[in-house]
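Report on one structure; see the data block that follows.
Labels A, B, C and D are assigned to the chains in the order they are written; within every chain, residues are numbered from 1.
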Amino acid sequence: MHLKLPLVLRASCAAAVTALAVPAVSQAPASQAPAARQSVADDLVVANHILANEGVLDGYGHVRVRSPADASRYLLARAGAPALVTAADITEYDLESRPVTNTTAAGYIERFIHGEIYKARPDVIAVVHCHCLDVIPFAATSVPLRPMYHMGFFIGAGVPVFDIRRAAGITDMLISTPDLARALAQTLGSSSAALMRGHGAVVAAPSLRLVVAQAYYLNVNARLQMQAMAIGGGRVTYLDPQEARKAAQTYERSWDAWRAHLPRR
Amino acid sequence: MHLKLPLVLRASCAAAVTALAVPAVSQAPASQAPAARQSVADDLVVANHILANEGVLDGYGHVRVRSPADASRYLLARAGAPALVTAADITEYDLESRPVTNTTAAGYIERFIHGEIYKARPDVIAVVHCHCLDVIPFAATSVPLRPMYHMGFFIGAGVPVFDIRRAAGITDMLISTPDLARALAQTLGSSSAALMRGHGAVVAAPSLRLVVAQAYYLNVNARLQMQAMAIGGGRVTYLDPQEARKAAQTYERSWDAWRAHLPRR
Amino acid sequence: MHLKLPLVLRASCAAAVTALAVPAVSQAPASQAPAARQSVADDLVVANHILANEGVLDGYGHVRVRSPADASRYLLARAGAPALVTAADITEYDLESRPVTNTTAAGYIERFIHGEIYKARPDVIAVVHCHCLDVIPFAATSVPLRPMYHMGFFIGAGVPVFDIRRAAGITDMLISTPDLARALAQTLGSSSAALMRGHGAVVAAPSLRLVVAQAYYLNVNARLQMQAMAIGGGRVTYLDPQEARKAAQTYERSWDAWRAHLPRR
Amino acid sequence: MHLKLPLVLRASCAAAVTALAVPAVSQAPASQAPAARQSVADDLVVANHILANEGVLDGYGHVRVRSPADASRYLLARAGAPALVTAADITEYDLESRPVTNTTAAGYIERFIHGEIYKARPDVIAVVHCHCLDVIPFAATSVPLRPMYHMGFFIGAGVPVFDIRRAAGITDMLISTPDLARALAQTLGSSSAALMRGHGAVVAAPSLRLVVAQAYYLNVNARLQMQAMAIGGGRVTYLDPQEARKAAQTYERSWDAWRAHLPRR
């Protein structure tokens, strides 16, 4: 969003980012919280655009982030294609996934995913739900995802597969109720990601930038694993679980590169 | 086209297309039908551009839609590359695939496909014929397409394969006569799509936006199935037929995302 | 090139194309031949750009066309990356591949390919030599290319593989002498294309537009065949040779679509 | 950077970088060395952009070149995404990988790779370290990379695989110490490239343009080999080692084509 804002608004964003630097944002004085929220909301718009532009999200899927001002709230765009999300679409939800702002706008039908994962995982700040293509073949087979290289380090702790049929029999495949979202959160457990059979994946991380990068590399790693299995048969050397733990990183440079890669509008 | 023209020009194009529509108006009041037809023709131009831009159509293939004013007419561009179609190319045909407007322009040699599917399927409003790459390998083998995820739900009802050789022996592979088109419509039956051996596919749907999305996801699903077969061998879990039925959707957000993705001209 | 010419020059190109409409260009009066040559040279620049933009040519490879004014001459860019070719680079060669114009510019080291194929094949007007990726795996195995669909019809007559080692033992893999070019022409025989082991392919056709399209679809067909072999094992149904012969076409619409797809400069 | 700046700005940037170079000038006359260093630094910026734009580098990875003025110095961007590198980021390091200019900027944690390879290989002028995707599957299996065609000639001399675990047990996979860099340089030996298990590759060459092209074609060749293995099973004909040696080339035209392919900024 702030990619196209006029200069005056951009200046106020810059101010907002400064405010965000206050160490514990959720305890910030009331006068700073709106600025911090604005900065996070701006980043959330960019996150939507990056995930769409890099092919992680298509017309569907979503990314949301915990509110910096109130850990019992989360920010998420109202229902719409991620590539087209603007600042005006960012909506605040409570942990029951009821809209607190933008209350008349249509919400993503699967927004319960976010509330239930937040309840189960206080460490999680941001979540991506995607129909990302490269993981679908793994979700449809009994082949577990394994870390191919250090950029996929978070896969080392295991990526469980959620089969909605075991939780609820024959469905329309969507996580459209709090009960289904709780079952998904339970399968996710303490992992960074879970695949969803016949549907896609959820990725959870302690920051927005991290969740964007992990969603991206979850897919890259899946492609590489398919190729390694094709040429190496059963003899592929994955990262050792200890190597994967040690290789943990923040992907700090990726965000800037992806952001620069966004089409000019 | 209407993505880029200044308003004044758009109005004059609209008038031109509206004029063409006059003869066919039959079920709607004269004052409403031209506007409805114009809106559908505009969408048809966008549909051509989206299908070309997303790689579903190359220099060939076509998409057409039933006239909103007269169920016995359909709209289709005159022969030309889909990426270059403009409002002036939109031509009205009767169900025998004879041009009613633009009568001196060259028509797609395979336009009979559209008339015959309309005759056989009153539920069908829009049809895509594509040489879309990802389905060709399935059309050349005895491996049936199966729904990999909810975005490919319509594949759950089965995607038959039309082999022109069984209908007409050795041919040039094209559906260049009403007889061949009828044979293809018969193979399609009540399905959403049929593959054509050594040629491509036809996709049929109750709306233009739906047929564009189904043509797109027919290809995506084919790619995913190839990958799942490669890593999972014979043990791939496809959507259950009942899941596929329940997962039916309108892909409403996809159109906007694809349209925003069109190159500026 | 004429994509970026100022209006005055573009008008003269338009005149040139009109002149080209004279049925037998090689017998045209002297006053028309330069215009015809200019038109063909313009198309040759576009052909270079299309083949680069669609991924058939990388920084190397070339496309040339027989001179419309003299069947014993051919037009080819001087040595340079195809994406960057301009009208000033177009050079005229005799059938011994000696430059007749631009005589001080460096020529493609492999230009002999063109002279020798012209000598052996009076029906050939245009030739592409590419390091096109999708055919390299076929050139390196004993798996013959087969026509997957009507767009690959010309593959039905067979695509022989030239192994330079059988002609000349250990070499640098390049067709850098008339002798090597003759051996390649002999392997090509009457086919539309030949693969070159460890190198790429040559494609020959009776027109510039046709050779561009055949080079493009040679690669597309190779990709599709790899995929069909992967999912179908040994049970792939290729076009019947008679079907392939009947499916012959001019790809007329492709050129316009590819040309519109070129980046604006 | 110098792709877009107006001339006046370019001159001032040039001055800035030249100033940095002054301390290191040792073997060339003072009047020539700054210009040579500036030219190399400019090329290094372009090399970063090309490698990012062609998908060899993502947000990580780096390319550096030996200083033209002092063989005991090398030029490398400070830590940052390659697509965003500007002339101001170019930093000079000594062979212990200590910054000589830009001394307060953060350096790539893996910059030791460059110093140690320079020490071991006087013939090497430029090095790329990439997390390039296509080679990861080969680094994870016991399948050696082999030259598929003349553009991959340098693979003919063998591409060893470095497994950091054999050198240092369980690590974070990064070459973050001089010791690890020495072990990697030892595995590289006299080869043009080495794969790094669970990480990526290093590519070394006698010029900047050559190393960019070899990094690019290392990946292309890997893709082609995967495909050839899939269709040909164990019967793939690779370049003979002697053919590979004879096919050595400079890829001179590739640089211009890739540079023209960079997005305008």
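What we mean here is this: a contact is a pair of C-beta atoms (placed from the backbone, for glycine too) under 8 Å apart; a residue touches a chain by one contact, two chains touch by 3 or more.
Not measured: the values here are computed from a predicted model.
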Enumerate, in label order, the chains that touch chain B and chain C alike.
-> none
Would you kindly state whether over half or under half of the residue numbers at the chain A/chain B interface are used by both copies, giving same or different?
-> different
Quick one: report the Å distance separating chain A from chain D, using the average Cα coordinate of each chain.
-> 33
Where chain B and chain D are represented by their mean Cα positions, the distance between them in whole Å | 47
Which residue numbers or ranges of chain A touch two or more of the other chains?
-> 230
Connecting every touching chain pair, does the picture come out as line, ring, star, complete or other?
-> ring
Return all touching chain pairs.
-> A-B, A-D, B-C, C-D
In their shared complex, chain B is touched by residues of chain A numbered 52, 58-60, 79-84, 131, 133-134, 136-143, 163, 165, 170-174, 197-200, 225-226, 229-230
Which of the residues in chain A end up touching chain D in this complex?
-> 147-151, 220, 223-224, 227-228, 230-232, 235-240, 242-243, 246-248, 251, 253-258, 260-261
